[in-house]
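Input: one structure, supplied below.
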Amino acid sequence: ELCGHVGGDLVLGMEAKLGTLDQHVNAANATRNVAMNIFETLMTRDENMAPILDLAESLDVSEDKLTYTFKLRPGVKFHNGKPLTSADVAASFDRYNRIGVDRSALGSVDRWETPDDATFTIFLKEPQASFLESISASTVPIVIVPSEQANAEATRLEPIGTGPFQLEEFVADSHVKLKRYEDYKANETLDAMSGFAGRKQACVDTVTFRTLAEPGARLAALETGEVHIVEDVPTLSKERLVGNEDIVQTQLKHAALWLNYPNLSEPPTDNLKIRQAIQAAMNLDEIMDAMSDGSYSLNPSFQFPGQTYYTEAGSQYYNQNDPEKAKALLKEAGYNGEAVKLLTTRDIPRLYTAAVVMSEQLKAAGINAELVVLDWPTALGMSVNETEGWNFFFTGWITVTAQGGAQSLRNLADPSNVHKPKDNKSDAEFMKQFQILSTSPDLEERKAAFAKAQERVFEQVMAIPFGVTPKNQATRANVKGYVPFFNTRVSNVWLAE
Amino acid sequence: MLAYTLRRIAQAVPILLLVSLISFGIMQLVPGDPAAVLAGPNATPDELIKLRQTLGLDKSLLSQIMIFYGNLFQGDLGYSIILGEPVLKVVLERSPISISLALYSLALTVILGLSIGVIAAMKHNRWIDQAAMTFALIGVSVPNFWLGLVMIVLFSVHLGWLPTGGYVPFFEDPAGWFLAATMPALSLAMMQIGLLARLTRSTMLEVLGQDYIRTARAKGASEPRVIIKHAMSNVLIPVVTVLGMILSVLLSGSVIVETIFAVPGIGALLGNAILGRDYPMIQGGLIFVAAVLLILNIVVDVLYAWLDPRVRVQ
Amino acid sequence: MSHLEISNNPSALTSLRRFLGGRRVRRLIRHRSFMIGLWLCLFVTAIAIFAPIISAVDPNKMAIRSRFQPPSLEFLLGTDNLGRDLFSRVAWGARLSLAIGLGVVLLNAVFGVLLGALAGYFRRLDGILMRLSDALMAFPSVLLAIGIAAAMGASAMTAVISLAVVYIPRTARILRASVLQVNELEFVNAARAAGAGDFHILRRHILPNCMAPLVVQLSFVFAYAILSEAVLSFLGLGAAPTDPSWGIMISEGRSYIREAPWMTIIPGMAIAITVLGLNLLGDGLRDVLDPRVKMEH
Amino acid sequence: MQKNPILRVEGLRTTFTSDDGEVVAVDDVSFDVNEGEIVGLIGESGSGKSVTALAVMGLLPKSTSHVTAERIMFDGRDLAHASERELRRLRGGSIGMIFQEPMSSLNPVLKIGDQLIEPIRIHERISYRAAFDRGVELLTKVGIPSPVQRMNDYPHQLSGGMRQRVMIAIALSCSPKLLLADEPTTALDVTIQAQLLDLLLEIQAETKMAIVLITHSMGVIAECADKVVVMYSGRIAEQGPVTEIFDRPGHPYTKGLMQCTPELTGNSRRLTTIPGTLPSLSALPPGCRFAPRCDLAQPDCVAGRPPMIAIGKEHASACIRADELVASAAQPEGAEV
Amino acid sequence: MSKAPLLSVRDLSKYFTIRSPFRGTTVGTVQAVNRVSFDIGEGETLGLVGESGCGKSTTGRLLLRLIEPDRGEVLFEGRDLLKLDAGELKAIRKSIQIVFQDPFSSLNPRMTVEDIITEPLYVQGGMTRHDMRDRARMLLERVGLNAAHITRYPHEFSGGQRQRIGIARALAADPRFIVCDEAVSALDVSVQAQVINLLQDLQEEFNLSYLFIAHDLSVVRHISDRVAVMYLGEVVEIAGKDALYASPRHPYTKALLEAIPVAHPRLRGKRARLGGEVSSALNPPPGCRFSQRCPFAQDVCRREAPALRELGERHQVACHFAEELQAVAA
């Protein structure tokens, strides 16, 4: 039995506000935390982030790797009572292809067809080794919605899915309430839940996701028992909560990779030597310590340890903490005090702290660091749209890293190129490896390519990973079956009496 | 009275138009765009452009304005970009929350502010007066978001008396509403209580110095009678005139208090809308709030006219 | 008497006396809460001016190892999550808060006076100017400030401008009311009878006599600007965060309010003390200069 | 006219705490008011007339003023040492008071009727209805047309003269034995002032109540008063029967007052003046307070406070040269000094 | 008498529209000044009396164009003031000055006595600062104040002294004509006498003309050569003071004089008093405005407004029955 007890209202204290549940057009963690309990996808990631079927029962890949045929699980119904058919899948893919955020996932797709109600076939233009990785990615997952919603405009999707929970009430800035979907058809291929897939059951009658943006208030609510689960427990509070018998702490060790990337179009970071000097000057231990209050691990990779593509290639450039070398490089580069503008935001305190600490370190190495602090939308917009006014942009890859090698390096490759290389052409050597990484059918070859690409990123200082923070969560002691994951899963969680 | 009310309403229309123009102007200056917020940091520029198109953000400023006003006159405030719901619907859902909070705050303000002020005036220059005015002064000097934070720690965590925040609809659970709304209302009201107590005290002192109070005393009226019958009716007049202002501040102060106490009111809604660049939401929301404030002000003015026979009887 | 003594000595006090009137200065000096307010303000001002001297460490100097230190002899007011010294940060924060408050006050003084005087004196402009101010005042003030701050990008300058936009209509209204009142006084008619022009009358007669309510209002604007700047900073829309602002400090400290409450409480108290000082000052000025009852917002 | 004092004030002294410290606004004032008599209290602005009346009523603000008196006997009771409760019973009952400003002395937000019948309701146990009828009667008595409608009006709907009539009606509502009228007509137009003085005299003749009539107009005194008390700078300069005072003023100040009022008949090109101004209470001259302005002053005048010297039947003056003055008054009028 | 008067007012009118602050509708018009005409000769004082709100101050202000008249002419030395442009007006303002009732609000509390007195000179221009100061000192002494007090502020003076400062200011630019709007009404009798004497001395010395507005009839009689009586915005009677006080021709003038308290207790006696309340100038009745209170009013009075007409030498009255009344009185 998945549920030790059935019933009750599970209350979660959420850190971030969520605007919409339209999973196709929203990359926010907060949205996924809720929406992925409502929606399901054809294919998703398992507990180890490997692609796994969910709404599909089977998948046939043709010899030429151009045709992918999915058979849908029978008996699945949407929350509105309508049985799931391949038409719904096709409609969802249509909508995603039209307005979905991560449309490049479907970049190599030629077309899709629905030979019958239970079959969904995708035809590729050319073979793409990472195709399944792409469509199963959970950053902006291609959730399956009823076909009537194919034309729903961005953010106006009605949240009707096939998941174990259905939406009861959504009051933005306050809470989202889900209730058990009685006609839920569980995926019996696994014994338990794995990632977003597997056997899921709604043990509690309702789940309330409450927005408690104020960290003090959020934790206070856990302590008073107003909420059962909170995300993001501050390190300091962890220590305090240890003695509290009503509270159990949980952790997902590798949750987020923090990094920044330079702007290769803006002086002085257009100069490799200067970028290297900056890289050399940084003490990542200190940055990570400060931004996480001590709860972190260093990570000389764009993948988490234990992941398929994890490699420490290029780690000689990581965390050098060598201001002298930095000064030498600066001299070599003929640096004379040009401002290095660190673009960050206070909306995400860790990014802000990282930038503050980094600026101090740069100053210590004789680099004229300046903070440019904007609100998140503006900062983000600036990093995407502008090639001037900033030298480093700070961000955190929370799910992206977890999605695997190609996904995580995609941002440094054409055409995304968040680091703004000249003429929007990323480094040739890097691109070469990235091509192999995305197309080679051979995993070992892909892994080698990832390692080379990563090394190249380090060498060229196209991005600087700082380290990894865990996801510290805490639950009331009577919460059972809760397993922390990149996003919150409330299936199979039950409340002991 | 009716003519006056109608005239005031008519005067409100151009103000609303100005309000909408100003907010439109401000929003056009805002850098960053809602598409970027929705798409997150990993979206490619190409994807952003497409998202912008679907959100109608690629149209020219003028056509956005035209569309906005075109819809406005049909009572349509547009669709929120982030919430994906009609602005009017969201605003109508949220404003009762803020308004009820503001009214609760107002009730606290009026009850506490008036009584503190009256007591201070009656005990003029005595220790009660000093204590009351010190309290009032501290009330006007303490940042309300700070007070909110401190109150959460004190009342929720340490004492466990009140919930840390959230909102309970009044009609579902009045007691729960009361508990949940008390801290936010109090932290909103604190400053206004201080201001009103000071205003009441000084008005009361002024009124007590008036000739007609002396007349009342010369008639042999007892002190309570002098205060209640003769002084209060006059003190209330200036007090009522500031109620509109107080309400406006209470409604607007809710931005930060709602954020801290996780109250899904209009303040939090608009604050987030501004930070999320949700133009239609901001635009529609601001017009709505301004309209509510104007209406409340009209109500206050009518109340004022009703209280003051010099204005009432003409 | 004292008049003669003072007027023989052309000091700063004389000009202040000229401005306020000698009796008023005496009454102010005797006004207990005014003096407390004055001392508080002087105290905060002194801290702001001497911040570089009295704060032993750079306010941005991090010492990760000594983070979250409670107030002690070594760290007078404790340290924050990055090990920065809160005493230094509060002292430097005083600079910023006062500078922003002063900026808002100056803009208010210039534009509030300009608009208020124009509206009050030239009645033909009154309608337009007052409708505009109605519209600005119809916005909830915090939202307006947030909007402007968001539009211009967070910085101290932005905070100054957005708060000025919020408060100028209010100042202008108060000035307009005083102008209307003073305009009714006979000495204005006397000047007119002497053949004085509008500009002369405004400059010599009306404005000097509107100074009292203006000064009072500005002292309150100062206080509110400091409070509102803290709100903006708290929301991340205030000053550039390299300069420690009190609002930013509270905002940063709130994550640690349970474990390191001093991070929040100390900047909160700094704001409260400054605003308290200004309020006391304003109250005193109002009692002495402008005894009319008024409620400022 | 029986000599039966209804009010006897002895040694009244009133001090105020102000910005400039303690000031003595009324200093050792004593006078009698007999039953049915009109006593005029005259003096220039700030001489302490109102303060005297308010002190008798016990209406000065407790926080800033301090009243002492040997005795204030009213109708057999000592008001100086009476409890607030007792005073309240007398105020509006046996002692009525009218104030100078008809505009501000009525509560702007209450109906005339309510204000008018308030003393009746306070002092007599009668129904609202009965009180209302009494109110209408009173309004009729003071000459207000359509009194029933007026009962429901608010003060701002009445003209100044009507408001002052209402004030008179309020003061008379409980048939007081003593009426303190503090410049009841000063704020009004000449024709209305004359009407109201006539009205007061009429009512006084009817009810035989005693009136203390405060004014700064010699004309009003001449028209109404039986007895005059002249105040200067918080002290009594002279008091006596009205004809005495006019015929034989015993104080240079009184004399000056009469001479500097332009006469309606007189054609003298220049007015006689009293040089200088009333001294400020915070900087009082020693001795006789009028001495610095007095052309009869001599060194003795500043030596000490001049005592009240009796210079005729019930006529006394606080001038050490009172006798000379009275004697010179026998000379032909118009002699300029 | 054949000489043209210094100032001559013809048919001067000013109506104020009153709006309800509450409804915004027009409540009515106050006919504050209605077709007022009079002359003032050189060195002459015209007293202007009447009850509160009858338009005395408004008349005074109209003469100086502090308020713009609706209609009429104000001829000063033969030039119509109402037709002057801004520059000419400024120049002529030297010659016409005003002294106000309230010695507190009529002096700018933020200016020194010197600045107050020299303001007309400063505004008119053409004088050095030094000369202006000398003149201010001279004027201060002339009005009986200590020239050393020139650096003081108004609040350092008593009411009577302030009124002298106001007079000094009026004299600064060498006026020919001064409007004294209740210039002594606010003063205590002892001080009032001082100021009246001063005004008379100055008149003699500088050959000034006064329009002396007051409501104290004995003061007006004392200082004026001729007296005009106003009622609800209209002049009802003008005459030499002796003629007016001895034999008033208008019932209102008569009533006014009877309202003056007696000068001595022995002269007490029952006199006829005017009934009714002072009417409002707001929407006045048709016909004679005094008809409502007039004990002699006939039908014609309520229908037709009497014009101001000559009745005897320089004695003008606006009453239909002036002759009859005089006969009755006699």
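For clarity, chains are labelled A, B, C, D and E in written order, and residue numbers in each chain start from 1.
Keep this in mind: contacts are C-beta pairs under 8 Å (C-beta built on N, C-alpha and C of every residue); 3 or more make two chains touch, one makes a residue touch a chain.
The chain list, named the UniProt way, goes like this: B, C = ABC transporter permease; D, E = ABC transporter ATP-binding protein.
Predicted model, so just to flag it, every value in this text is computed and none were measured.
Colleague: Which other chains touch chain B while also touching chain E?
Modeller: Expected: C, D.
Colleague: Pick the pair with more C-beta contacts: B-D or A-B?
Modeller: Between the chain pairs B-D and A-B, A-B carries more contacts.
Colleague: Quick check for the class: compute each chain's Cα centroid; which one is farthest from the centroid of chain D?
Modeller: Max centre-to-centre separation from chain D belongs to A.
Colleague: Taking the mean of the C-alpha atoms as each chain's centre, how many Å separate chain C from chain E?
Modeller: Chain centroid spacing, chain C to chain E, equals 48 Å.
Colleague: Please report how many Å separate the Cα centroid of chain A from that of chain C, as a whole number.
Modeller: Result: the chain centres lie 45 Å from each other.
Colleague: Round to the nearest whole Å and give the separation of the Cα centres of chain A and chain E.
Modeller: 88
Colleague: Report, in whole Å, the distance between the mean C-alpha point of chain D and the mean C-alpha point of chain E.
Modeller: Result: the chain centres lie 31 Å from each other.
Colleague: Among the residues of chain B, which ones contact at least 2 other chains?
Modeller: 30-31, 149, 152-153, 157, 259, 275
Colleague: Touching two or more other chains, which residues of chain C qualify?
Modeller: 23, 150, 153, 254, 257-258
Colleague: Residues of chain D touching 2+ other chains?
Modeller: Not one residue in chain D touches at least two other chains.
Colleague: Residue numbers of chain D touching chain E in their complex, please.
Modeller: 44-45, 159-162, 189-195, 197-198, 216-223, 225, 242-243, 246, 256-257, 260-266, 269-275, 277-278
Colleague: Show me the residue ranges of chain E that touch chain C in the complex, using the header's touch definition.
Modeller: Spelled out, the residues of chain E in touch with chain C are 61, 64, 66, 89-91, 93-94, 96-98, 100-102, 105-111, 116, 119-120, 123-124, 151-153, 155-156, 166, 169, 173.
Colleague: Under the touch definition given earlier, write down the residues of chain C that touch chain E in their complex.
Modeller: Per the touch definition, chain C meets chain E at residues 3, 7, 18-19, 21-23, 185-187, 189-197, 200, 204-205, 208-209, 211.
Colleague: Could you list, by residue number, the parts of chain A that touch chain B in their complex?
Modeller: Chain A residues touching chain B: 17, 19-20, 22, 25-28, 98-99, 101-104, 139-140, 153-157, 171-175, 210-214, 216-218, 220-221, 223-224, 226, 347, 374-385, 395, 397, 400, 410-411, 415-416.
Colleague: Taking the touch rule as given, give the residues of chain D at its contact with chain B in the complex, in rising order.
Modeller: 54, 57, 59, 61, 63, 88-93, 96-97, 99, 101, 104-110, 115, 118-119, 122-123, 154, 156-157, 167, 170-171
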